[in-house]
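One chain, chain A, links the two complexes that follow: it is found with chain B in the first and with chain C in the second.
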Partner chain A sequence: MNSKKTLIVSHAPFWHDGSGIPERSYHTIIAALPAAIVGIAFYGTPALGVISLAISSAILWELLLNRAMRQPPTIGNGNAALVGLLLAMVLPASTPWWIVLIGTFLAIVIGMQIFGGIGANPFNPVALAFAILMVSYKNHLDFDAGLVNFTLSFPSSTDPLAALKAFGPSAVEGLNYMDLFLGKQVGALGSTCGLALVLGGLYLILRGFIRWEISVSFLAGVFVTAALFNMADPARFAPPAFHLLTGFTMIGAFFLATETSSSPVNFVPMLIYGALGGVMTVLIRNIGAYVDGVIFAILLINLINPLVDKIRPKAIGKVA
Partner chain B sequence: MRKRSFFGLSKPCFHYELATGALTDPTAIPTPETVTVYIKQELKRTSSSLKVGTPVKTGQRLVLNEGDDICAISSVTGTICAIAPFLADYGRAWTAVTIKTEGSDTPDTDFAEASQAPTLETLNRYLAACPGEPDIGPLMDERNPVHTIVITGGNADLLIDTSLYVLKQSAEAVNAGIEVLRKATGIEEIVIVVPEESVQNYSGHLDARIQSVSSQYPYAQPLMILHHLTGRLPDEKGMASMGIYFIRAEAVAAIGQAFSTGRLPVEKTVAVIDKRGIKHLARARMGTPVGTLLKAFDVPINDKDKIIFGGPMTGNAIYSEDLPIGPDTDAILVQDKSVIPLYSDYPCINCGDCVRICPANVPVNLLVRFLEAGQYTEGADLYDLYSCIECGLCSYVCVSRIPIYQYIKLAKYEIGRITSAEEMNEQ
Partner chain C sequence: MTSKKQLLFAYGLAIHLLLIGIICYAAFPAKAPDEPIRIMYQTNAGKVLFDHHTHTAASGYGATCFDCHHHPSDDDSALIACGECHQAPAEDGSKPERCLDCHDESDIEDTEIVSRADAFHQQCTECHEQFGKGPQSGSENCSKCHVL
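Coming up: the complex of A and B.
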């Protein structure tokens, strides 16, 4: 029975559809790039600096952790680069270098690696890192204060959400929704241009890299809740379209809430998860203490993910 | 190999081969110099009749000890030139008997007498190793009576339509086989399951109720058919408690042929699918080495290629060209080393592709976490391990390339071992 040829033996199936984690990460990076490029166009070199530093330091943190834990390097799968890019996109262009370094450390090490790396993180690492930064270095992450030295040709020179919080809807009444959608608003360097984010999100949905249920229900949650508030008291609460087009709503719906390991996989849970994120966002914005609620809303829905994902169709052949 | 479509929103969807083309006769493979048949029993000591140098006739039963029911059927006339232990999948110990072909075919006459009386004992004694490999045991099990015989017309895997081909080509033999089964078992309820798009080829020609199933993969999997017919799936006690008996169309045809001619069939219809995906149909003696068939169709084999018994989703990869085709080998699939997908030890990233493609609604993403940790009973109790119908689609779409299907088979095997050990202790 000694054959001259050595054959490869493995378990079935012998076909694979060719998908892989690197492909997933790199396509998500491609989808996020247009919004980042818009940021670079608005804010110039400082934005480019933040993006480059965030991506490279995220990769380095992961490599360092791989070394420390004596694991084969996992940076080739592109996940660290993606986390770095997304973190840069929620930071203001004026972020000092040391905050970027701390941020990527929080995202990669605290957010992912100590839980066991890719696939094991209970929270979205970007949202977690940004939440810690936001609580710890309030002044550095204030968009109005950070961007005061930039010459920007936007219709309003202040963060629309901060203006809304401080002065009510009358302060932001003059803003054109088209300007907001095209990114002409003060905010984070990569999350203001709704158009670029929607295009990237649609690309990801069509390619099957993210689940449309989460994005759509998140946006619907924001819209419906904001509409209810607005109907109750238009003098105190902004109209729903304003909430959709400002702050982190778009990047949250398409890039943060859809992160795979912290979001559910079944149909009904995805809808609940997304909608709850949208509701929480508007609740925090309208009656909470923070200017933007997206980050905390996403951390909250990450928490309920294992619980809602128990709602699943009955497997076949099961009696009970 | 089908790749993921650019628009990943749509789920991959496979259809079975339907054997609808013009029926070409299979290429006859000449009798090889040696054939190897397996006696599915561990080689301990053998009787005087099974020794190296013993002459055997075509269709002769080969048993380890006189009076054994488990046998192999010699597919050629010649002399035994080797008897060796053989380790099959899942640790099963068999005995490999190699026969050197000599002289002209002389049929064995033992079965001709027995074929006068179609009883279960005769079936079990002579036909358990015929093409299609019917396992007669469950029909004779008095504790779990069988009430329905299901004849699976189509192949359960993709690319292969050998079984449908046999059903179409030898309808007479199938009818004769159904009659033998009716007489031997007394069971009236016999169902033939075929893919729905090919029903018109069979209905009316066959002496049994025709039931159609979707011609989309994996609806012809035996477990899926069982669920289709009864709405239930077997638990860890196994198929026996369900009262439904599965037999392949080819086995029924073999039974019919055997009882109408008085000779045991020794030839198997095999599809050889070469590296370009072209299918060649062949008829060869059971026990013919795979290499002989591949040579007949000029399929080159290089180092690190893969040869698979069965289809691309549920087949078995084999390790040598010298292994023989068995009574259950419907196809030989050859993969070039450049197209072999590799598995990885990456963790699950919870993308949910497996959950959405699973035809049985198994929460694969949660199940695989338990199986990776070796917690098989937890997986079975909490996350529907026994709802899995073993189609392999989850592994096909897995982004992390986890061998999910392998974990599931391993878990079922390990739980089966625990259960049978517990039963042994109780007795």
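Coming up: the complex of A and C.
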């Protein structure tokens, strides 16, 4: 778009809802803010620190890269700010500042700009950055280990998914679903409050910024798979509602899986994409090595996105 | 394409939030409170999360400080980390520095002091057995504390 040449078509996706990229970014930020504010209410200043540093450093990394590549600055479109906010929301409130800086670097530079910037990234930059951080700095991103110095007023002071993995469903059966839905659980600073995330998600769906097909099929995938496991052996596998209300399920369904350039645009592909994400999430949680599966599940469906996107209506008039 | 206004907004956002971020990190450095809330031990048998606050809180398991912090008995000077005294024996057989704050080297020469891990295994499980609650001794219970 910055080149003098005309008649050059940019990358997919081409979903059009009549608005520009800046509008989409800032509306998504507004939709995500309530959940982030709940995080600040729970964890206080440290959470505000992580959020502020993540947003500002994401913008600055993008600006730096624009300079280095001699492009006009692209930060005005708000995408860097959005990526920074979402990354902060999946981190624990105890994240040290240097991990925040590395994280936004990974998301903006490795996750987006290397592939050509907005619209060209094959993976969700937030999920990619978090996955790299998770395997590199395990103890800092472990919610139980990270938050040891926080006084928490939650019914349980351990990460419910970690407790489930280590001690089985009996360790978490005392947890009240309403408490979980309201975010009263140990976890990332902006992804535990299901209520706020659902409201944000509904807003984005109604405004046409994200596709309901992906969010709904993702949640359905989680629910059905978890229900099957739970039916097979309730003593080993937690009930489906627990999986919906814990970990990154909600933020994944509404804010990560729906990222436009790494998700499909047609009806059937969207359903396959979302559902597979949900299925993988529960598979990793129940029989995989990681406590939460959402991040890896999303990277995986990002990977199959180009493939499922091949399922599409035939162009009219096209001969074989 | 973004307008000049949007660009200025982004610059403003970056600079203000950077300042807020720096202030938050500088003004509230992550430091451990004097009385621990939770402690995560990374051992070669997996990590162990000990919830100090819940064990002591009246709304939790209501243990008194001196149920665990035992030396000297019933004295606030005992409220220090167990690891200050319970250390693996030094090679030359000398006692931990900490003892010398209160004792002469010669007084405590023949006291055996168990390592911190042994002290935990003994004290934690003894109390749990007394209450009939919480992880107890026996090899089937290791994984109730240790998470690999």
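By definition in this document, the second predicted complex is superposed on the first by the 300 of 320 C-alpha atoms of A that agree within 3 Å, B and C clash if a C-alpha of one lies under 4 Å from a C-alpha of the other, contacts with A are read in each partner's own complex, and residues count from 1 in each chain.
FYI, contacts are C-beta pairs under 8 Å (C-beta built on N, C-alpha and C of every residue); 3 or more make two chains touch, one makes a residue touch a chain.
Keep in mind it's a predicted model, so treat the numbers as computed, not measured.
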First, second, both or neither for A:N266, with chain B first and chain C second: first
Which superposed partner A:P155 touches (first chain B, second chain C, both, neither): neither
Partner chain(s) touched by A:R312 [first = chain B, second = chain C, both, neither]: first
Which of chain B and chain C A:R211 touches, first, second, both or neither: first
Partner chain(s) touched by A:P234 [first = chain B, second = chain C, both, neither]: neither
Residues of chain A contacting chain B in one complex and chain C in the other: 1, 21, 77
Chain A-facing residues of chain C, complex: 1-3, 6-7, 9-11, 13-18, 20-25, 27-28, 30-33, 36-40, 42, 47, 49, 51, 53-54, 143-144, 147
In the complex, chain A residues that touch chain C: 1, 21-22, 44-46, 48-57, 59-60, 63, 73-78, 80-81, 94, 96-97, 139, 144-145, 147-151, 157-158, 162, 166-167
Partner chain A, residues of chain B touching it in the complex: 1-4, 6-10, 12, 227, 231-233, 291, 301-308, 310, 312-323, 333, 335, 337, 340-341, 343, 346-353, 355-356, 359-363, 365, 384, 386-387, 389, 392-393, 395-401, 403, 405-406, 409
Contact footprint of chain B on chain A as seen in their complex: 1-3, 5-21, 24, 77, 116-120, 205-209, 211-212, 260-266, 312-319
